[in-house]
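Got some structures for you, see below.
Both of the next two complexes hold subunit A, though its partner changes from subunit B to subunit C.
Showing the complex of A and B:
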């Protein structure tokens, strides 16, 4: 085989491999995007050309799917998780990074170890506790449940960054006249910002996509968009076009996010805890 | 400005004792250098004064105020860190402004003070830069400016020059000295570099193993070292320390004999002679003779290492002196500048003088 044919084959093989990966990753997304705009009768047809309609989108916002309210629920739950988790995780990360605890790293590892317990086990006591507290089917319950798995990971992400900030600067700030808290705010937080941003993106993604806890803990009022997807399985069969319309709304923020922050996210992961 | 007083200050880290009951008074406006090898407790002492470390026992006073329970921010001290401790996300101007900002000084007054401080350390044109855009010397100047921008009671400097190259170190040393003279602020300066200690200090505290070995002016430390540690630590090349015996007006070691000395002590002792207090000599007046082991020309003089039996001693010879390794030469010691230490305790014995003095 000559050098040039070998190169040709290599080039083609690479092309095919890339095409396969692209198909596997983007095929479903394209399917969802297309189906969302198809007439119900076109759903099963693998038609590339069809007359797009907004009918499914309109229908999904209507009874019994309530996409409007459920999107709002999802936004509130996600933002609530974000707003509460980040300060808590930053404070905890600082403590784990700077203070010595009896037992050493047992505590910081313990926080992470809680995540090895399958959610399906945790959900039972959570459900009982929330019922006693009258929190079932509230957004607050979902925020708390989300925090139970967002905060531990966020702590570890941010801790990696704080570990790499020299103590000198904080001490300098304290001698310059700042309280410890002020030194953290003025010096540590700005320096750990890439890590906090990484944690924020992670937190946003997993809270937004969270399905299981929301399914068990909500019934009607607090149902999120992700759980709402199930309502498209009607007695008349699965309304794929409605599901696709909902799916489109679910993936929308991810598409926006991946466009703008993907680079930052990768950088944060590489320069932080992994290093 | 204020005096700093430490009484009975101790510091333990677990079972390790970093400081053994330290007493130290630094006068108002004084430049005190804590000098010692790494791990001697000098930085711990400074951090205790700063409030960054809590003493395990003892009291610290700044001026007439006990500051044991005062937080660093309220101690009114300024500190220059070894790695400068600059805030990387702030510009030079913001860095210098920070101590004023946290103290809530109005913006207009801040600007004037920043300009003054920046001018004192010649940073004027760099105010808009970020620390990472500066050279080591410039960063050092920013750290200094941040320290002097408000007038603190005490300056603390933790090896501020050790990250600079040799040439810059000499320049910055002079600048720090000038600045302290001008401002007259009580200064505690930590270093392991004896040249810095000798040139900067009003008084030097030589530390080792958590204890002050000697406290005195640079002259006292150099001319009358209190013990073997100080004798060996101060001076470059270090003092020659020769173990031997003293008794009835003479010192003797296997290949050395010095007569005509007056001191009361007798028994095992260590004789100390600085290289510059020995001269290469010939003829009858020679105190010791040996073979030349190495000759090093430093530019201003020759350092001659001479083998006296098993002992190696270093003598300073004039730069014009020409000798070669392997030659036999004689050395003469300046009797008025000999040091004698107890072999057991390492403490200085009375200053031996020649009989005719």
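Showing the complex of A and C:
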């Protein structure tokens, strides 16, 4: 075999391999998204080509699936988690980056270590506490539960960015008469914005996708989209076309964000471990 | 300067409050529950103190616990190995800066950004014996599995659970490995190629040894993620058929929120946490070494 034919074969093999990879990893998602637009009989006939319909989407917004309410709950819980967590995490990240605490790096490492606490252990006392406070099945309970994993992670991520901002600029601002808090707000926060944005994307993805805490803490009023998925399994059998419609709404923001997710989210999860 | 010294505590105070309320308090409370006999369906307040009885029951007298340990270990072993091998293969295939590969990488992020709950329920749909797309393909490749309800078979359900997890995590570790491959010094690879070494040999003898630290971290991280696997167990198999895919986290979930045996569930959860703590300790030592 000549060198050029060998190279040709190699190129083709690579192309086929890449196509196969796309099929395996993206095909199922395309299939679910297509199912959302299929008539039920097309779903059960495994049709590849079909006339699209919006009937499932409409049906999913109706009784007993309430996708409208559940989407709203998901949005409120996710945004609530973001709005509360980011300022809190930014302040703590700044403090960990700029000041020394008694005990040294134990504190910031401790923040990272919280990520390894299994959710099943945290949820038991949280469930008891929320039950006691009459907060079961409220969006507030879900926001608080989400903050348990979002805040430590956001601290760790934002700290990495603040570490790389030179001290001189905020010192200069302070010499000009600004207070330290003023300097943080005017100088550090704008410069840390890419890091805060990275953390925001991470928080968005994990809060939006959070399932287990919402499953335990909500019944009806605060049910999010993720838990709502379970309602597609009715007594009359599984309504897969409804499940697909819900899945579509769950995936949509990820499709919009995928470019950023690739850039930031993956980096975020391993920040501090691999660089 | 005195104001500064207070400022730092003010800055961490809100975060500390959140962590104390949502993590430290639950950890302490769960430990407290674990030495009590408390079924919340029977009484609203903490039951009688029983000392280490819950823990002795776990070890001495609960075959379900040991079964779920075995299930978790099998799941973890297979999902770690398969995910990382596949992720490395994909990283080698998709590394590089040409627009096509960058685009494919972006597409591949979506299985990873998909929620585990949706992933589980989607796979349940795709594996439906009558109208699941996966079942159709499987039935075509392995005719004897045509129309067989795969999730009703203990072994096949486990394979499905592992496969769904590998599918979910491979893109993430692929991105991690692509980052690591890009950071390898090109000279050594090129020198070996000039010496006439084949691609496989270059990979095994030049690249792999340099990737060892990254691989070690990947194994630890994936093991931690696998040990606490839960969401897709709930939505894909619900631990079944029977208890064939009952992982430890799912066992705790069932004990706490199906049987409402909070004291016992807390004890089992603490054993899971202990395993995680050991792994987390090893992990942070790695991180510390690289970021002193």
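Here is the rule we go by: the second predicted complex is superposed on the first by the 256 of 275 C-alpha atoms of A that agree within 3 Å, B and C clash if a C-alpha of one lies under 4 Å from a C-alpha of the other, contacts with A are read in each partner's own complex, and residues count from 1 in each chain.
By our rule, a residue touches a chain if its C-beta (ideal position, glycine included) is under 8 Å from a C-beta of that chain, and two chains touch if they have at least 3 such contacts.
Quick caveat, the model's predicted, so the values are computed rather than measured.
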Fit or clash between subunit C and subunit B when superposed on subunit A: fit
Touching partner for A:187 - first (subunit B), second (subunit C), both, neither: first
Contacts of A:111 with subunit B and subunit C, given as first, second, both or neither: second
Which superposed partner A:195 touches (first subunit B, second subunit C, both, neither): neither
Degrees between the directions from subunit A toward subunit B and toward subunit C, using C-alpha centres, nearest 10: 100
If touched residues of subunit A are counted for subunit B and for subunit C, the larger one: C
Which of subunit B and subunit C A:80 touches, first, second, both or neither: neither
Touched partner set for A:176, first subunit B, second subunit C, both or neither: first
Three-chain overlay, closest Cα atoms of subunit B and subunit C, distance in Å: 5
Residues on subunit A lying within both footprints (that of subunit B and that of subunit C): none
Interface residues, subunit A side, partner subunit C - complex: 14, 17-18, 21-22, 24-26, 28-29, 31-32, 35, 43-46, 85, 88-89, 91-92, 94-96, 98-99, 101, 105, 109, 111-114, 116-129, 144-145, 147-148, 151-152, 155, 180-181, 205, 208-212, 215-216, 226-227, 229-230, 232, 238, 240, 243-244, 246-247, 250-251, 254-255, 257-259, 261-262, 265-267, 269-270, 272-275
Subunit A residues within the subunit B interface of the complex: 166, 168-169, 171-179, 182, 186-187, 190-191
Residues on subunit B engaged by subunit A in the complex (per definition of touch): 50-52, 71-73, 75, 77-79, 81-89, 98-99, 102-103, 146, 156
Residues of subunit C touching subunit A in the complex: 3-4, 7-9, 11-12, 14-16, 18-19, 21-23, 25-27, 29-30, 33, 40, 90, 93-94, 100-101, 104-118, 121-126, 128, 130-131, 133-134, 136, 167, 170-172, 175-176, 179-180, 214, 217, 221, 224, 227-228, 230-231, 234-235, 249, 252-253, 256-257, 262, 265-266, 269-270, 272-273, 276-277, 279-280, 283-284, 286-288, 290-291
